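Quick heads-up: structures coming right below.
Each of the next two complexes has chain A plus one more chain, namely chain B in the first and chain C in the second.
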Partner chain A sequence: MNNKRILFILVFFVSTLLLSGCWSKKELTDLAIVAALGIDKNEQGRYVGTMQIINPGNVTSGMQGGGGSQGPPISIVTGSGDSIVELSRSTSRKLSRRLYYAHTNLIVISEEIAKEESISTILDPLERDAQFRSTAIIVIAQGSKASDIVKVLTAIDKIPSNKVIKTLKITEKIWGENIAVSIQDAIKMIVSPGKELAVSGFRVNGDVDKGITMENTQQTEPASLLFAGSLGIFKNGKLIQWVDGETARGSVFLLDKLNASAIGVEWEGKDEAISYELIRQKTKVSAKMEKGKPRVSIEVQAEGNIGETKVPIDLNNPHLLLKLEKEIEKEIKKEITMAIKIAQKSKSDIFGFGEALHRTNPKEWGKMASKWNDVYFPEVKTDIVVDAFIRRTGLRNNPHQVNQ
Partner chain B sequence: MEKANISLYQLFVLILLFELGSAILVPLASDAKQDAWLAILFGMAGGLFLFWVHYRLFLYYPELVPPQYMQKLLGKIAGTLLAFCYIILFMYSAARVLRDFGEMLLTFAYLETPLFIVNALLMLVIIYAVSKGIEVVARTGELFFLFIYFLAITGFILILFSGLIDVNNLKPILERGILPVVRVFYTQTLYFPFGEIIVFSMIFPYIANKKKAKKVGLFAIGLSGINLAITMAINIGVLGVDLTARSQFPLLSTIQGIQVAEFLERLDVFFMISTVICIFFKVSIYFYAAVASTAVIFKIKEPSRLTYPMGMVILFMSVTIASSYAEHLKEGLEFVTRYVHPFFLILIPTLLLGIAFLKNRKKKSPQ
Partner chain C sequence: MSLFSLSKKIKKLKQLKKQAQQNQQPSKAIPSSLLDQINSIKEKTGNSIDVVIRKLQLGDSKGPDTAVVFVEGISDSKAINDFLIESIMNNHPSPNSRPIYDILFEKVVALGDVKEIKDWDNLYLSLMSGESIILVDGEKRALSASTRGGEQRSIEEPGSQVTVRGPRDGFTESIRTNTALIRRRIQNPDLWLENMKIGSVTKTDVSIMYIKGIAKDEIVEEVRNRLKRIEIDSILESGYIEQLIEDQAFTTFPTLYHTERPDMVAGNLLEGRVAIIVNGTPFVLIAPAVFIQFFQSVEDYYGRADIATALRFLRILIFFISIIAPAAYIAVTTFHQEMIPTQLLVAIAAQREAVPFPALVEALIMEVAFEILREAGIRMPRAVGSAISIVGALVIGQAAVQAGIVSPAMVIIVAITAIANFATPAFAVAISARLIRFGFMFAAATFGFYGIILGVIILAVHLCSLRSFGVPYLTPIAPLIPANLGDTIVRLPMWAQKKRPRLFSNKETRVGDNQKPQPPEGRGMVNDTLEKGDQDEQ
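Moving on to the complex of A and B:
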C-alpha cells in the first residue's frame, strides 16, 4: 500500500509539470524559416548576413484554390555583427519572429571574404549549430555581393535558394563544370592535408535592383538572372583562383562527380565536328611512389552516344567508331591535363592526389603531408588513361549528308 | 531475492540493448582513428572473456548473486564492503548513462530545457519499470528489440543508397601499426562498453535455462560488438576520421546526411528513438543491479521499495556529477575508465574467480 501512495504522490506532482504545457515550444507562426543565408563584409570589417525568409502565404501556387496573394514568396532581412551568431541574433530587432535555420539549404559567401580570410571561420558556427543542416550547399558569390544572390527573385522555382541548388545539382550532372559542395564536404576538404577545397561560384547578371521586384518573375526574360559561375579553387580555405569551361570540366571529371556532358570532338581537321554525349563515366585515381617521387595514375572510363555530326562520316563502320573513340579519349585527356596543370600551378591539390597517396603509402605520406601542396603536388607526374566507348548513334545511323 | 524468470531470448535481448546503450551514441574508440572498428572488436574479445569469468563464478554459486558470494569468498566484512563499492559503482554508472541521454537531447533538440527535467522524465519511467521487477524490464526489451533492429536495418539501407559511404576513409588500415589500436583497447573499449557486462552477474540466477546461458551470452556480446564496429566503420566511412572524432554524436551526423530521392531525409528521429530506447535499458539494468544488491546486503525483503529513493539519488547524481558535457566526458574517459574500471570490472572478478577456484578445488568441480 505504501508503495502505491508514493507512486500516487509522484504522479500527482509530476503531472502538474507536464500538464502545464510544452517546455520550449515554438509555434509555427513564431518562426521565420530561413531558406538561404548570404554572408558579406561591410566597410567596418563586420559580417553582414542576408537571410532569405520564406513567406509561406505567397509560396503556395495559384492553381490550388488561389489562396496566395501577389506578394513575393520571400522576404529579406539583414543583420550585422562581429560573428555569425551575433549577426543572426541581431536581426531580431527587425523581425517579428525567431529565425529558424533547420531548412536553410544554401549558404552564399561573398568573393571578398573567400579571398581575404579562410572560410572555415564561417563554417564553424554552421556545423556547430543543432538547427543547421550540414548538407546545406555552399556557393561563392562571384563578381557580386552575397546579398545580391540571396535577394534576386526567380521565376520557375519560386524560392530562389531552391533554384540555386537545383541549378547546381543538375548542371553538375549533365554538363559538369560546377559542383555542389555541402558544408560537411567543405569541412572535410579543408581539414584533409591531402585534398583542397573546390567550390562553385554563382553569378547574377542584369540589374539587381530590378531583380528584387516581383516584375522580375513576371517577364519572359528576367531583368536579373541567377546562374552558375566558375569553379573556385581554394587553398587553406582561401579562394585563390577561378577556372572555367573545359578546365573546370576536367576538374569535375577528376573529382569523379561528372555524370553526363557533351564533348566536342575534332574530325578530319574540323574542330568540334562531332558531339559526343557522355552518359556515364568513372574516374579512378591511384598513387604510388616511384624512385622516391609520387606518381599518380588516373583511369577514366567513359560511355556515351553520338549526339550530333557536322561532317559526313560513315557511322555504320565500327572501325571508324573506334577511331572516333580515340579522338574522344584524346579530348578528355586534354581537359584533364589542363585541369591538373592549373591546379599544380596554383599549388592546390583539389583532386585529392595526396589522399590517394596517403592510402597506399602512409609512411612516405607522413613525411610529405605538411609540404604536400607547396613542394610535392606541383611536381607530381601523372599517367592518364582514358577509355571511351561509343555505344549508340541515336535514331539514325549515317548523317544525311553522307547519302547525298 | 525476488522471484523472476528470464528466458534465454530475454537475456540475449537485454545484453544486446545494454551493450549498444550509450556506446552507440558517442565517438567510441575514436583515438584509434580509422581503425576504431578494430579496437571495438578487440574490446569485444575482452568482453567475451569477462563474460566467461562471470559465468564461471556463477557456476560455482548458481543460487547466489554476487554480493552473497562475495561474502562467502572474502568473509562477511570484506565481502560486504566490496559489494557496497559495487552498489556505488552501479549507481554512478547509471547516473553517467542518464547524463549522456540528457546531454544528447539538450545538445540536439531541447536546447532551452533544463537538464533536470529531461533526465527526470526518463528516470521516472525507469523507476517504474524497475520497481515492477527485472522480468518486466526483460519483457519490454523483447518488444523494443525488434523495433531497434528494424530501425537499424532501415537506416543502414538508406545510408547505403544515399551513396554516403566512402570506403577510402577507412584506409590505410593500421597506419601507425597495431600499437595505437591496442592502446585504445586497454584504455577504453575493454571497459566501455564491454567490461560493463558485470551487471549481468546480478541477473544470472534468474535465467531459466542455465546451461545454455553461456552460449547465448557470448553470442549476444559478439553480435553487439560486431554491430558497434559496423556502426563506427559506417560513421568513419561517411564522416571521415576528423569529423567523427569532433562530433559529439557521430551517428546523428551520419544519419543527418541521408538524402534519398529528395524526400527521405532529416531522419534524425531514427537516431533519437533508438538511443532513447537503448539508454532506457542500460540505465534500467544498472539501476536494477544497484537496487537488487542493496536489498541483498541490507536484507530488505521488498526491493521495489528501494526504487524510489535510490532512483532519486541517481537522478540528482546525474545532474550534479559534472558542470559541463566536456567535464562529464573527461571524467568518464580519464578518471573512471583509467582508475575505477580496471580495478572493479577486470581485476576483482578475476581475483574472485581465482579464490572460488581454490576454495572449491577440493569439492567436486562445477559443471
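Moving on to the complex of A and C:
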C-alpha cells in the first residue's frame, strides 16, 4: 500500500516535470533585447517603429568568444503597422529572435506624432504590455525623425539609449533645463485634470548617415551627436510649444525638479557679472480663492555658492552679500515669471496650479475643472516669493581686483 | 479474513524462530581436562597462529597444569609477560595448599581486572577482545585477565573538524581512549557509560554515554532500545549504527550528528544529548540532532558571541547559496531576464551567444564536471592531487569557456556554489545540499523562480516532518521555544544562555544569575594607580 502511494507521488511529480515542458521558457540566445523604441509615422499614416536592438557580443569588449567590439553595439530593425502592437509583431519577418522589451528604457516619439495626435494613444499599448517597464523614459525627437535618434551611434556609452537617458538625468540635476519623464510620470500628468504634461526633446545634429556608422564613435568629435533639446509643453496630450533656456529652467523650478544649476546675475549694470551656483532649492506652490478668482503663491527657497565673479565686489561685506542675494532673487523670479507667462499664453497648466487649487478648494475647482486650461489658467494671478541664500563664496573671498 | 489469518501465521512463525534461536545456543560448559580445553580452543580458532597458548606448570604435578591463552597483537604483550607469565613461573606454592585456581585468582595474577568465566561463549568473547585466558587443569572454569592493548593510533588532531581555537585532541579508533577523552572533560560520576556488543560476527563494542540527570530518561531509553533492536552481522563504523537507528530513512538530511572532537561530544552531553561510541572508528554519534546544529561549530562557543552570530548567519546564507545559486542562474537567464540589470544581461547574453546549449544543460555540464573533479580529488593519492587541480583549473576554468561549451558566468556560479559547499561546517549537511541542488536546477529549468519557491516550500515541509529520536528536527525554531533561541542562528554570550534545550534535557538552568561581567564601580582602582605613578615621578 505504501509502495503504491510512493509510486503515485513519483508518477505525479515526473509527469508534471515532463508534461508541462518548459512553459514560457525563453533562452537568452532567442531574445532580441530592445534598448530603445522610436515611433514615427509614414506618408500613408501608418506607424513606423524603429527598434534599437543590443548586439551583446559587440557591447562587452575584451570578452573571450564574444567577438570583440568590431561591429556596432546595436542593430536597427524597423516595422510598420496601424498600431504599435502590429508594428512590433511585423518585425518578426526581419528578425531571427523575439523582441524583448523588458529592458527598453527609452521611448522616442516623433515631433509629428506628438503634435498631431494625443500621446496617450502611444502610451496605452506600452503600459498595457507586461514586458514594458513603466520607468522607461520618454523623449520627443525634436527637429528630426524618431528613428534618427534611435539610430545614431554614441561613443562613451556604447548603447545609445543609455546615453540619452543618462544625459537627461544628469542635465536635469546639474543644469536644469530638461526633465526626464518616465511612462508612469507621463500617464500621471495626463490623467490628472489640473496638470499638463511637459516632456524633454532630444536632438541630433550633423549628418545622420555618418552617425549610423562605426566611424562616428571612432572620432574625437562625432559627425553626428545626440543632445538634449528644449522642453516640450503639452496640452491635452498634444505638443503645443517648445521652451528653451531660462524659461525652461523657470519651468523646472516650478516643477520643483531642479537640483542644481548656474544662474548669471547682473551687478552694477553689468550683465551676467556674477555666477551663482545653485546647490539646492525647494519650491512650494499653493493656491487659494480670492474674490472668486484663483490666486497662486509660489515660494522658492534657494541655496548656493558664488561660482565666478567678473566685477570687483567686496564679498567680505555682508551688506553687499545681502544685496547680491536680492539680485539673485530677482533673477530667479524673472525666470519663473517668464515660464508662467509662456504657459499661460499656450493655455497649458504644466505646473499643476490646478492641482494645487483642487487640494485647497475642491468645491470651486469642481466648477472650474472643465474650463481650467482655456479660461481660468491664463488669468491666474501669481505671487512669487524667492528666498535666496549665499552659503559660501568658494575657496577665496574677494576677487583679485578688490585687493589691488 | 485471509489477511488476518496470514498475519497470525507470521506471528507464530516468528515465535517459533525465536524459540529455535534460544535452543540453538546453549552455552557449552568448559571441560575439566586442560588438554581438552586446549584442543577445543585450537579447533574453534582453526589453529590461527596469532592465538598463543602457553602451557605452564604451577602446582606440584609433573606436567603442565596451567595455560595462558591470548591473541597476539590485540593484547598487551608486556603486561602478559611481566604480570602473568613471569608471575606464574616465579610462584611456587607449597604442596597440598589450596587449589591452584584460587591461588591464581587471589595471589598470582598481578592485573587489575580479573574475571571468572564459566562457558565457552564468554571465554571467546574475552579472548577475542584482547583479554588473556588462564586455564587450569581440572577446573570447569577459567580466568580472564584484562590485558587489552596492542598497537593503536595515538591521539591526533581531528582531520575533519579543524578549528583555530580549541582543544587539539581527536578521537581514535579505540573506544576506551575515546571514553577517556570525554571523561577527562566531564569529571563527574553522573557521566554514565553503558556498553553492549553489536554484530553477530564482529561483536563490536558500542557504548552509549550520557549525563544522568541532564539527559532525559525517555531519550536514553529510546537510544538503548534502538541499539538493542539491531540484528546485523557486522558494525564496522558508526555509519552502520546511524543507518540502523535513524528516524527517517528516506531523507538526504542527517538525523544524527557525528564528530571527531571530544570537546564537541562533551558540550552536547551537557546539553542533554546521548553519545554513541563505536569501537574501531573515531566518529562518535550524537543523538538527538537538530537541523540548526549542523550550522554551528565548536569554535562559536570559544570565540566572541557577536562574531559567532555573524558567522552563523553567513553559514545559513552559504547553505542557501550552495542549494540555489545554479538554479537561480538558470531561472534568471531562461525565464526572468527582466530581473537582471541591463548591463549585466548584455554581458551574460554576450557570453551565452557562443554557447550552443540551453542554460540547464550548460549548468549540468559544469556541475557534473565539478562533481567528478571533486570525487577524483578526494580519492587520489596526494602526489597526483596537484595534477588534478591543474587539469581541473585548465579544463573547467579556461578550456571549457574557450571551447564555447560553457559561459564564464556559469563558471563563476559553479565556483561560488562549490566554495559555499565547502564552507558548510558539517559535512553531512553539505553533501545533502550537493544532492538537493540538482533537484532545484531541474525545478528552475521547468518553472523558473516559481519552481525554486516550490522547491523551497517542499524542502521546508520536509524538514518540519523530520524527527530525531522523537525531537522535531527544526527545534527550537519550529516548534518555537523562545527560551532556547539564544543558541540557534544567534549565539548569545555565555552569561545570557541560561537554559538547556528544553525538549531533550532536564535541569534546564545552566548559568547563575548576574553573571554578566562588569567593571568595578567608580574609577578608584585606575585613579589610585595613576596618582601613585605621579608621586613616583616626583
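We adopt the following convention: the second predicted complex is superposed on the first by the 378 of 404 C-alpha atoms of A that agree within 3 Å, B and C clash if a C-alpha of one lies under 4 Å from a C-alpha of the other, contacts with A are read in each partner's own complex, and residues count from 1 in each chain.
Everything that follows uses one rule, which is that a contact is a pair of C-beta atoms (placed from the backbone, for glycine too) under 8 Å apart; a residue touches a chain by one contact, two chains touch by 3 or more.
As the structure is a computational prediction, the values presented were derived from the model and not from experiment.
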| item | value |
| --- | --- |
| Touching partner for A:N3 - first (chain B), second (chain C), both, neither | first |
| Partner chain(s) touched by A:S90 [first = chain B, second = chain C, both, neither] | neither |
| First (chain B), second (chain C), both or neither touched by A:L28 | second |
| Touched partner set for A:Y100, first chain B, second chain C, both or neither | second |
| Touched partner set for A:S134, first chain B, second chain C, both or neither | first |
| Touching partner for A:P56 - first (chain B), second (chain C), both, neither | second |
| Chain B versus chain C as contact partner of A:R359, first or second or both or neither | first |
| If touched residues of chain A are counted for chain B and for chain C, the larger one | C |
| Chain B and chain C contact sites that coincide on chain A, given as residue numbers | 17, 23-24, 102, 133 |
| Chain A partner contacts - residues on chain C that touch it in the complex | 333-335, 337-338, 342, 345-355, 358-359, 401-402, 404, 408, 442, 445-448 |
| For the chain B and chain A complex, residues of the former touching the latter | 107-113, 117, 120, 124, 128, 131, 168, 171-172, 175-176, 239-240, 242-243, 253, 256-257, 259, 265-266, 304-305, 308 |
| Residues of chain A touching chain C in the complex | 17, 20-29, 31, 33, 35, 54, 56-57, 59-60, 63-67, 100, 102-103, 105, 131, 133, 159, 162 |
| Chain A - residues contacting chain B, complex | 2-3, 6-7, 10, 14, 17, 23-24, 102, 130, 133-135, 184, 187-188, 191-192, 355, 358-360, 362 |
